[in-house]
Amino acid sequence: MEALLQEFDTLLLYVFAGLSLAGAIAMLVLQHPMRVAMALVATMIWLGAIYGLVGVHFIAAFQILIYVSAVMVFIIYVIMLLDVRDMAYTRRYAGLLIPGAIAAVVFFGVLAATLWRTVEVPLTTTAAFGIGQFAVDFLQQYWLQFEVTSVLLVAAVVAAIAVVKAGGKDHG
Amino acid sequence: MSDAAWLNVVLFLPVLGTALLLFVPATRESAIRTLTLVAMAAQLVVTGFLYAAFDPATPGLQFATRLPWIPAWGVTYTIGLDGYNVLLVLLTAFLGPLVVAGAFTAVRRDVKLFYCMVLLIQFAMMGAFVAQDLFLFYLFWEAMMIPMFVIIGIWGGERRIYATFKFVLYTAFGSILMLAAMIWLAWSLATPEGALSFAFTDLYQSRLPLSTQVLLLSAFGLSFAIKVPIVPLHTWLPDAHVEAPTAGSVILAGVLLKMGTYGFMKLGFPLFPDATMVLSPLLIALAVVSIVYGACLALVQDDIKKIIAYSSISHLGYVMLGLVCLDLVGVQGAVVQMVSHGLTAAGLFLMVGMIYERCHTRELAAYGGLAKVLPVYSLFFMLLTLASIGLPTTSGFTGEFMVLLGAGTAGWQQYSQGSSFLLASSAVAVTGVVLGAMYMLRFAQGFLFGGERVPHGPVLDLDLREKAILVAIVAAVFWLGLFPAEPLAKTELAAQEYRQLVTTSRLPGNAP
Amino acid sequence: MAHLLTWIVVLPLVGFVLNGLLGNRFGKSFVTVVGCGLPLAAFAAAMACVLDLIAGGAREPLVHVAYTWAVVGDRTFEVAFWLDRLAAVMVLIVTGVGSLIHIYSTGYMHEDRSYARYFAYLNLFLFFMLLLVLGRSLLVLFVGWEGVGLASYLLIGFWFEDAEKARAGKKAFVTNRIGDAGFLLGMFAVFWALGTLDMDKVNAAYMAGPPPAVAASVVGVLLFIGATGKSAQIPLYVWLPDAMAGPTPVSALIHAATMVTAGVYLVARMSGVYMHAEFASSVVAVIGVATAFFAATIAVVQNDIKKVLAYSTVSQLGLMFVAAGVGAYGVAIFHVYTHAFFKACLFLGAGSVIHALSGEQDIRRMGGLAKRIPVTFVTFAVATAAIAGIPPLAGFFSKDEILWYAFASGKGGSPLLWAVAAATALLTAFYMFRLLWLTFFGRSRMSHEVEHHVHESPLSMTAVLTILAALSAIGGFLALPHWLEMQLPLPPVPDALHHFEWPLLVVSVVIAASGLLGAWYFFGNDAARAQRVHAKGLHRLLSAKYYVDECYERWLGRPLVWVSDRLFLNVGDRMLLDGTLNGLARLAQRGAGVLSRIQTGSLHRYVLFVLAGSAVLLLWSIGRV
Amino acid sequence: MDKLQLLLLLALALFAIGLLGVVIRRNLLVMLMCMELMLNAANLSLVTLARQTDTSAGAVLVFLVFVVAAAEIAIAIPIVLLLVRRRHTLDADAYADLKG
């Protein structure tokens, strides 16, 4: 039974991986930004599923909560707000399709080959990694990083306000 | 408060002053000036006490503070006084109030920013002298450049942009090399566990192969040589001096240039003794070339600031000669010459500033017969000129004489061992004495004597503030000229240690 | 008593400080009292010290260490004063003649605006001169040596409004510095060889024991280079004639009686070295005799009363060096001593003449002054006779001794040396009497305006002239060389030559007399007779002083400026260094221009660069693994 | 192919696709979304390796990346809005003259 479950987990992993990859590829080819956004949302959800599968459930939850709900909603909202149908819409690719693709393939290929050659240690998904331990580590060991990040957040907020204000000023 | 804390007070007083200045409104200029002056004067007073308390018989650091700073890289905050820096610290603190007072009437624009910059550069210079950790030293070394850049760039003359860029490019080039060399040095001395140390005392224990030493000395040396400056890396100096405001010139000539020679004495040569020995003919040649070349160029300048600038090159050539001849008298002379040049060049630049405020030109030919119009001014000018050409009883004599005596005796020493190079070099260096008299007297001649020519009408002689500044400098000049025994005693041990370090080979193979 | 030595030196310094700082505020009488009083006090102190020295038999010098100037390692540099017989002679000359000239100056400079400054400088000079004379070590001597150069510079250029005079001061200082460079090198050699600069120790080291590491001749020649500068010998004599731009009492004090004899004093002081430096001694003698003769020829045709005296000084200094060069140091000092009297008297007399003539210095526009200014005339005549070597005046004794040792000294004396020195003596007598004749006898050639104002000088001046004339007359009877012999032994004279002594003495007298007669013949009653001598080329050469100044200017001065300006400044600094730098800057600018074309503004392109760049880096790293 | 390799490979692929998307897509918003994809890819590799080494640092980093991503979007979106307000286009190449 245990082994069967294990097998099932692995199978699911493959499925989720395949789905998220498909979503990513769809992002490249779809024309309408809204569709791209949907593809991205799908990818993110599948990734969240993978996180859950490898045992970090709270990260999976954050993935859905922060990314899918906050960030992507924001983007979708903007897409709906703008809906500019111009060159960017009619011609979805810039002129660098071929060199970009080649470079990306090389990039991927080299890294994949390295990966293939070197990593042989199996993934240890022994115990689930709970939010409890995360919280302890986070606030005891990494509080400084957290604080620095919050400073960054504040800066981002200020910057966003500044950008909007500056833009407003230009147009009177 | 412990003794060591007072050195920190000296170091951070300018920072405190700057912080306080920030709270003074920019329009209240006299308050700004007074505050800056008070900060500088306080620094001088504390430094004076430290100098008096400095014990000449104790080797090594005094008033030392050692605190860990960046433990991961082995960087510490270590400062202290020793024989190497004690006179230079005193000189820096001494010139501080004079620079501030000298700029009272000269600087009319952005007064607050100006005095902030003066205080900050004072901090950086003081820091570079008292730092006993290479990393700290490097930070201060770099920090000096920024206020100087601002001072020349904002309050400078017409071609100030060109001058600042030249200055910054030269010094930044040198600094990059030093940074690289510094990192290399620290890494090559890392313990097997990977622990680094930048403390001077640890670096003095280094054992490096000759080729590495030569390479690192070249990198450090280029950086220092640009600051000194040694011919042929000197062309930034005349431009910077000419364009800099008086305060800038005074700081530059008075203290900043000594950074280079101090660097050689404290770091360059003692860190790489074998390389120094290999390169010493080159260094001697460069020192002598600097003496003669600077003097020759000073002889044909028409701009009074350029004359002093080129004379600085010549005078610092003596310092280099004293340092590389490795005779104890010469080394001691080099230290005195550093201080002496700091005093005379600073004084002369202040005087040029004073006349420039009155007449608004630096053309030598535009002046004449000032001795009659401005007798007090002329008296001080003559005194400083004479100090600059090393007339006995002035500090210039003490420095030049001891350097030349050291180089000469070392030259005879080597001659008796079959090498006449140093003897010939010191003979050539002695001609600098003649050339010095020629250019400085040509200067004084055209300036003070002859028919009266004062551009832009009637001028007033020195006021009380200016007299006080010059009296202070002249008093210091005579103190060092007539009674050098006491300051020399304070540097004696350091000079001996320097000689010891440089003359002891530290190749990897040798047993310690 | 020894501590009084310090006071001898310090008193004039006090005068300098008081006069320099307060002189203008407190007025002339204050300046006069301070300016003359302190040198007189120094003279009194010197007298006391010398009497003390003599009372002690003058065998042991008085020594006083004022303070330690510096200590470096095991080397100590002390400021110590040292009074032995030699120094005693010098210190009395300096303070004595110095005080007299100070007093004279109160009359001469009375009308000058910068009265206080003048006395301040003069006191400063005395301070440095006494430092020079009393210093125990070469270092202290050098301090004085340079210091008197400074005072000389300041006093030559005293009337600095005249750029020409200021330039003369500069020339003096720079020329002296060239000599000083040699002096410094000599000092270094001594310091290395012996580890001390105390002259008594240096002398002792060369006199006794194993020869020090540096040959005596090296030290001797290097120090003598310094002496050629200070004492105006070939090739550095050129400053002294120009130095006449200063006030006349200054010429008397500094450029005749005291400072310029410092070189001779140096050689005598270092006699321990020179006695063992055959080569250096020959150099001293040859340079001395050459200078003596050379300057004397120039003096014959000069028309400026002070220039004649200046060249005469150069010439007399040459004779002193002849004596020093053949080992007769005491004789050299003897001549220093007599020369101080008669040359000071001559200069001060000349000053009196110039004073009387409202500043006229050209002897072609003088004449017939004997009756108008009798005191000046009499004293001038006595001094002239003294320098010409008319017995029994002071100059006769010292000059005769020099000639004798030039001939007979066992240490380099030779008939040739004697012949040239004797020819110099002849020329000396000739040009000095020419000067006397043209100035005081014959018809007056003065302009009416000048003639109207001719007047005898005030008492302060004439009294000094009288004292100096009296000393030039009787000073020779003091057998100075023999008193000094204990310290400065006279050279041995080969027995074979002893019977030449009296004939040579007669020859000396004849020389002096023939010089007098020659001058009388050419310039005596008919000044035109000199005009009829046909030697235009020679005359032009002599008038132009052998074109030495012009040669120096052309071959040394101008090339130096040319090299500095054209080669160093334009080619070196501007073209090579700044040119390279600016070239590099332009290169960087161009390169940046090329590179900036990549900056298209297309985000896609930028990201592609990042992507492609990392791809290439990855490929490269794969290749390395 | 075990799970570790699979997941890392997936992260790589997503990253490469995201990067490629930024290079080739014209639409500014799409480019932004592709960047989000790249961040996700990075997160995936962080999580994977955190699981493999059994440490919490990876998870913490992921958490911080979330924060940064939010901040990034918060600034990027207003900028895009402003740009569009001026030029009425989302074509990235249309703003090439911003290079100055």
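We just call them A, B, C and D in the order they show up, numbering each chain from 1.
One rule holds in what follows: a residue touches a chain if its C-beta (ideal position, glycine included) is under 8 Å from a C-beta of that chain, and two chains touch if they have at least 3 such contacts.
The structure displayed is predicted, hence computed values, not measured ones.
Trainee: Per-chain C-alpha centres versus the global one: which chain is nearest?
Mentor: B
Trainee: Determine which of the two chain pairs, B-C or A-C, is joined by the larger number of C-beta pairs in contact.
Mentor: Higher contact count goes to B-C.
Trainee: Measuring centre to centre with CA averages, how many angstrom lie between subunit B and subunit C?
Mentor: 37
Trainee: Between subunit A and subunit C, what distance separates the C-alpha centroids? Give it in angstrom.
Mentor: Here subunit A and subunit C have centroids separated by 94 Å.
Trainee: Which integer distance in Å separates the CA centroid of subunit A from that of subunit D?
Mentor: 7
Trainee: Averaging only over C-alpha atoms, locate the centres of subunit B and subunit D and give their separation in whole Å.
Mentor: That gives a centre separation of 54 Å.
Trainee: Could you pull out the residues of subunit A that touch at least 2 other chains?
Mentor: As it turns out, subunit A has residues touching two or more other chains at 94, 96, 100, 103-104, 107, 111.
Trainee: Using the touch definition from the top, which residues of subunit D touch two or more other chains?
Mentor: Within subunit D, residues 19-20, 23-24, 92-93 contact more than one other chain.
Trainee: If you look at subunit C, which of its residues touch at least two other chains?
Mentor: As it turns out, subunit C has residues touching two or more other chains at 602, 604, 608, 611.
Trainee: Please list, in label order, each pair of chains that touches.
Mentor: A-C, A-D, B-C, C-D
Trainee: Okay, in this complex, where on subunit A does subunit D touch?
Mentor: 10, 13-14, 17, 20-21, 24-25, 27-28, 33, 36-37, 40, 43-44, 47, 50-51, 54-56, 59, 62-63, 66-67, 70-71, 74-75, 78-79, 81-82, 84, 86-89, 91-94, 96-97, 100-101, 103-105, 107-108, 111-112, 115-116, 119, 121-126, 129, 133-134, 137-138, 141-142, 145-146, 149-150, 152-153, 155-157, 159-160, 163-164, 166-167, 171
Trainee: Can you name the residues of subunit D that touch subunit A in the complex?
Mentor: Listed in rising order, the residues of subunit D that touch subunit A are 2-10, 12-14, 16-21, 23-30, 32-34, 36-37, 40, 43-44, 47-48, 50-52, 54, 56-57, 59-60, 62-64, 66-75, 77-82, 84-85, 88-94.
Trainee: Give the list of subunit C residues in touch with subunit A in this complex.
Mentor: 602, 604-605, 608, 611-612, 614-615, 618-619, 622
Trainee: So in the complex, the part of subunit C that touches subunit B is made up of which residues?
Mentor: Listed in rising order, the residues are 67-73, 75, 139, 142-144, 146-147, 150, 153, 157, 160-163, 166-167, 170, 173-174, 177-178, 180-181, 184-185, 187-189, 191-193, 213-214, 560-561, 563-565, 568-569, 572-573, 576-578, 581, 585.
Trainee: Write out the stretch or stretches of subunit D touching subunit C in their complex.
Mentor: For subunit D paired with subunit C, touching residues are 19-20, 22-24, 31, 92-93, 95-99.
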